[in-house]
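Next, two complexes with subunit A in common: one pairs it with subunit B, the other with subunit C.
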Partner chain A sequence: MTTEVVGESSRARRLGGHVVLGLLSLVCVFPIYWLYATSLRAPQDVSSLSVLPWPLSTASYTEAFAKNDVLGMLVNTGVVAVFSALGQLLVALLAAYAFAAWRFPFQRLLYLMFVGTWLVPFQATMLPNYVLLSRLGLLETLAGVIVPTLCSALGVLLLREHLNSFPKELLDAARMDGRTSWSALWTVVVPTLRPALAALGILLAISAWNEYFWPAMVLQRSNAVVQLGLRSFMGTEGNDWGPLMATAGLACLPVFALYLVLQRHIVNAFVRSGLK
Partner chain B sequence: MSRIRLQGLTRRFGAVTAVDDMGLDIADGEFLVLLGPSGCGKSTLLRMIAGLLPPTEGRLWLGDTDITHLPPQRRDVAMVFQSYALYPHLSVASNIGFPLRTRKRPRAEIRAKVAEVAATLDLTGLLDRKPRELSGGQRQRVALGRALVRDPGAFLMDEPLSNLDAKLRAGTRAEIAELHRRLRTTTVYVTHDQVEAMTMATRIALLNEGRLEQLGTPSEVYDAPASVFAATFLGSPAMNVVDATVRSVDGVLRAEAEGLLLSLGIEADIPDRPVRLGVRPEHLTLTPAGKQGIRAVVTAVENLGSEEVAQCRAGHTAVSVRGPRPLGVTSGEAVTLAARPDRLHLFDQNSGRRLAWQAASVPEPV
Partner chain C sequence: MKRTLLAACAATLLLATSACGLGSESTGSEGPVSRVPELKPDQKVSIVFESYNFGQAGAWTDTFNELIAAFEKQHPNISVTAQKPQGNSANPATDTISSLQSQLTAGSPPDVVQLGFSDLDFTVNQLKALPLDDLVGKDAVQANFDGEQYPYAESARTLGDWNGKTYGVPFVFSTPMLYYNKQLFTQAGLDPENPPATWAEVRDAAKTIQQRTGKGGAYVDCLTKAAKDWCFQALVRSNGGRVLSEDRSTLTFAEEPSVEVVRVMQDMVKAGAMPNRTQMQAVESFARGDLGMILESSAIQGTFLKGAGDRWELGAAAMPSFDGKQAVPTNSGAALFVFSKDAAKQRAAWELIRFLTSERAYTTIATKIGYLPLRTGLVDDPDGLKQWAGENPYLEPNLKQLEHLEPWVSMPGANYLQIRDGMMQAVENAVYQGADPAESLRSVQEEATGLMQGGGK
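Entry: the complex of A and B
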């Protein structure tokens, strides 16, 4: 009898949990649904509040493509996301390896200073970075968007934690087998840390893809990346909702595709980073 | 030529001296076991020989080459780690071939050498597997294979059997010993397991608190321990050690303490001297009460299968007796324990070092 009661109550609790989760996911998914629904409405129905976009129309997409080089913007954003993520991974890997595998004077102090840069708000470094880019002649270039992001305290922090739990005997074994520290990094550490590197890489690529503020500062005269392209549909006389939603919808697609293919790694990335 | 020589090798970590002024001469082809309790410095010493840890002081030679300051990759030694340290992303074949790929040997040569080593270690069917798909014993053999494949001047092994279960450990112990007999490569083997040390070593270096306590063949270390530490570290149960006084009575030396009277069988006339008296549990015999010996009370009898161990109490000291089963005593029984004079060990009460004495020849009981 007792077991039945316990079984029933646990089933009810599980059902309750599912209802809550279902409601929460509805709240999360609805804005995205609305974005695509609006982008597929006919131009005269854009402000309609009907849940189903009917009749369907691709007019907003046609207009978005006519007004902006959407494909070019997507490619540029992809370039920024990929180079920014790869660059951050490389810098973070080298720094984290040095901090975890080597012993040198002031190591702890240097590490704390490195990680401390994470606590400095973006707004505090924004202007010095902007002035520096201006002197280097990198304003209005994609390189200007990428370079200041390359040293990521988050990446160093996460990879160093991974490397600290990395079996030191493997590094010793590689040295006994004749590898130098540099060679051991590429032939032993990197292949073993592949899941962690993939997870961090995805996390960095997604955040670079979604970045708006910094590209907006560097690329003031162009709409080279897609998040900036959205600006062109927003005007003082009102917003052009149809093409705005169509472009935003297109901007989300690569992230969704990445998510579908690498679902496990992405969840892993967020769990590992302990963020969001 | 892979004789290994250590001279005054010392390693300090801050105020702690892990290895203190170590001098050893390991002959070519020898199987030297570094034995000692946890924290005695044996792994630190091995890592210094490997080149993974620079010594604070002292020098180190491999053959005629001074390797004190050479990095591990330039020393002709291979190491087997306690955790095996197999590269998890590589197959068994790639793990074994890893040191050869580092040395940029031709592929065909690597393949042939890996196949040869795999056949020696019975790994041929497992070459395509990843380490995570192997049992503990198989991983251990792959780690051995990775060391073997290089044909090194010396093998360094850091407790390679400690992660195996008892049965596998016994089997692998025999395999390593057999491999050494076949290859005759100088081997330095670290363990805290006295059975491994006794069965595999050509010589044992017993370490205590970073210092060399005794160096000798397994028989020498067991039969003539150089100190109380060596006496009580080797042997199970440990050697019985009691405080006693050596006294000359009627021109014959004997050891005395409360409830203890044992003849040392030496004719001499010396002033009384406090000592520590040691006798192994298997050298104690049960004799009829009243005669000279150690008077004790049995507190427990442990059944080891073929043998029994009687735990006894003699005054305030615990004494154990080991013999073929059944010993014929029960818990609570008063017994007298005797030992032949040549089975008694005397140690200095202050330094704990062995006192040399000449035992008189004792006729075997008829």
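Entry: the complex of A and C
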């Protein structure tokens, strides 16, 4: 085997790879382009198939704002995403710290139970959760949307893996310095884990932002979050594509903005979790 | 690792079974239903009204909120909380039953619920909707149908009845109409003022449009699982058949009249007269002006008018018939049912139903949403809907169809959805995927008959 041939073929292969990647990214970007294109069409052109929306019109955005409190929805969704992500981070951090820093009876069993909850499909826990919320009087509140999401097995799992590779000597040193385990957590562990926490936090916030099913169960009397607001343009009498696309376009913006600012962290988060 | 998996599986199974257990108990109140007393003048009641109309922004939500505000003004002691069904379907109307079931499980069902006619058997026999005849008396129920001035259309009065008792007051519904694009008719050399009246004519016109304009011919929105079975039932009834025997004991959708309907439709697809599309695609493409005709619920008319704008003109005709037979439209739509457990709430629920089905409410609903007024006399009343009817040329064929209207029959037993979906899947396979109509309907009917015996309580 000669090295020239390998070099030749690898260049060709690289070019081919880029062509494939380019095509695939077009395939990915096109629906997003179509979303914004449709949202900018005039009402009578909404189902038009022309590639360029012309004449441009903001009628769909005006209609969306007239029919729904879009700003209020975006704020509410933001509140849900932030609190849900922060809550999950806190619970996951404390649990992972306990699993990694101590040896205690039934540790393995308890950990397996955490992992087990990850495998239980949401559909199976949905009704019991709903009944519980109904008894707590939390239906129809944003708190009702947030509370059942607070404990995330995914978070515990990921942070425990990070903490397992955390040098035990540092903890021992902190203890010798006379720190309590609580202060060791905040002064030693958290600062070193910051990249992992940031990545996980972003991942959790984005999935809470996009969550549809659970808010739809809890918030029956309003369209308080934006994903529910989207559905209100679909119905028995056909879909209102214009305002639907306009609201969807607006709902994507915060996530895009987050992505632009924290691109490195987000890619990191998805790679670390092995999830989409 | 094996142990991990085992433990996880066990946990999953445990949770899954407990959740199922919860589901199966979800029925409404049992036992005899006694007459509820009138509310005392100072008695305050609050009730919950669940309707899929609140799931749709714009005219639907706004009109219903307006009606409820008017009701609360008229009944200062009753306060009404409105909500939409919970669930994750794109169309909130398909979540109504599962939403009600989960609230029954939680022990707090809504007091008044708007449910589709296709769910009637399940609503009455499994979810235990309250019989209005027992609750407020047959006289009161009939008096409401008679109205203050304009009675319900005769064929609409009994659509929410079960074994001679009224459980649901029919509220909103639509009939299947043949919408067509007048511009495409003219381009194809057809007479836009003389739309096809039989399926053979539809087929010929569709082929002409397809050949001369290159656009789609005709689409019939009754032939896919997603479309449900309401207008498929209309086609079968129009051809002299039924999907279920009149005593509700035998499925009959594999019999010759149904098979023939499916064959006629399959032939249209094979001949290129009907494009092979999903419902959504067909509706969008008709709205865009790329399809000649569509048999569709009159409720979607607004979407068509919006799409037509000033670029093409919408025409509407009654549902076509099979040669030499009377076309029999069936209704889609919903009725209002009561599920309250408390006597005062039951009475308040009835007051709300009376208000929502009053002359005044129908005038508001028809003008603002466009639903058919079930008190048909309103369209001749200058103070009612006369002006609106005059501005709405599509109304007349729709109202005329009420004369021959037959109910959309709900499938029997607890497995009614599997039966209905199985039947429509067989129809879809035959019409759009070329399966043999007789064979695919027969095999599904056999399977579904088993579901019926096991399922009915």
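As a working rule, the second predicted complex is superposed on the first by the 270 of 276 C-alpha atoms of A that agree within 3 Å, B and C clash if a C-alpha of one lies under 4 Å from a C-alpha of the other, contacts with A are read in each partner's own complex, and residues count from 1 in each chain.
Basically, contacts are C-beta pairs under 8 Å (C-beta built on N, C-alpha and C of every residue); 3 or more make two chains touch, one makes a residue touch a chain.
Note that the structure is predicted; figures quoted are calculated from it, not measured.
If subunit A is used to align the two complexes, do subunit B and subunit C fit next to each other or clash?
Once both complexes are aligned on subunit A, subunit B and subunit C fit side by side.
Is A:Ser25 contacted by the first partner subunit B, the second partner subunit C, both or neither?
A:Ser25: touches no partner chain.
May I ask you to decide whether A:Thr58 touches subunit B, subunit C, both, or neither, giving the answer as first, second, both or neither?
In the superposition, A:Thr58 contacts neither subunit B nor subunit C.
Give one of first, second, both or neither to describe whether A:Arg179 is in contact with subunit B, with subunit C, with both, or with none.
first
Tell me the angle subtended at the Cα centre of subunit A by the Cα centres of subunit B and subunit C, rounded to the nearest 10 °.
150
Is subunit A touched at more residues by subunit B or by subunit C?
Between subunit B and subunit C, C touches the greater number of residues in subunit A.
Quick one: classify A:Gln107 as touching subunit B (first), subunit C (second), both or neither.
Once the two structures are laid over each other on A, A:Gln107 reaches no partner at all.
Touch check for A:Asn164: first (subunit B), second (subunit C), both, or neither?
Once the two structures are laid over each other on A, A:Asn164 reaches no partner at all.
Which partner chains sit in contact with A:Arg231 here, subunit B, subunit C, both or neither? Use first/second/both/neither.
Touch partner of A:Arg231: subunit C, not subunit B.
In Å, how small is the closest CA gap from subunit B to subunit C once the two complexes are overlaid?
Nearest C-alpha pair, subunit B versus subunit C: 24 Å apart.
Using the superposition described at the top, list the residues of subunit A that contact subunit B and also contact subunit C.
Of subunit A, no residue contacts subunit B in one complex and subunit C in the other.
For the complex, which residues does subunit C have touching subunit A?
Against subunit A, subunit C makes touches at 3-4, 7-9, 11-12, 15-16, 18-19, 22-23, 50, 52, 55-58, 60-61, 81-88, 90-93, 99, 102, 105-108, 280, 283-285, 287-288, 299-300, 302-303, 306-307, 309-311.
Could you list, by residue number, the parts of subunit B that touch subunit A in their complex?
Within the complex, subunit B contacts subunit A at residues 47, 50-52, 71-73, 77-79, 81-83, 85, 87-90, 98-99, 102-103, 146, 150.
Quick one: which bits of subunit A touch subunit B in the complex? Just the residue numbers, please.
Its residues touching subunit B are 167, 169-170, 172-180, 183, 188, 191-192, 194.
So in the complex, the part of subunit A that touches subunit C is made up of which residues?
43-44, 46-49, 67-68, 109, 112-113, 115-117, 119-121, 123-128, 130-131, 134, 212-213, 216-218, 220-221, 223, 229, 231-240, 243
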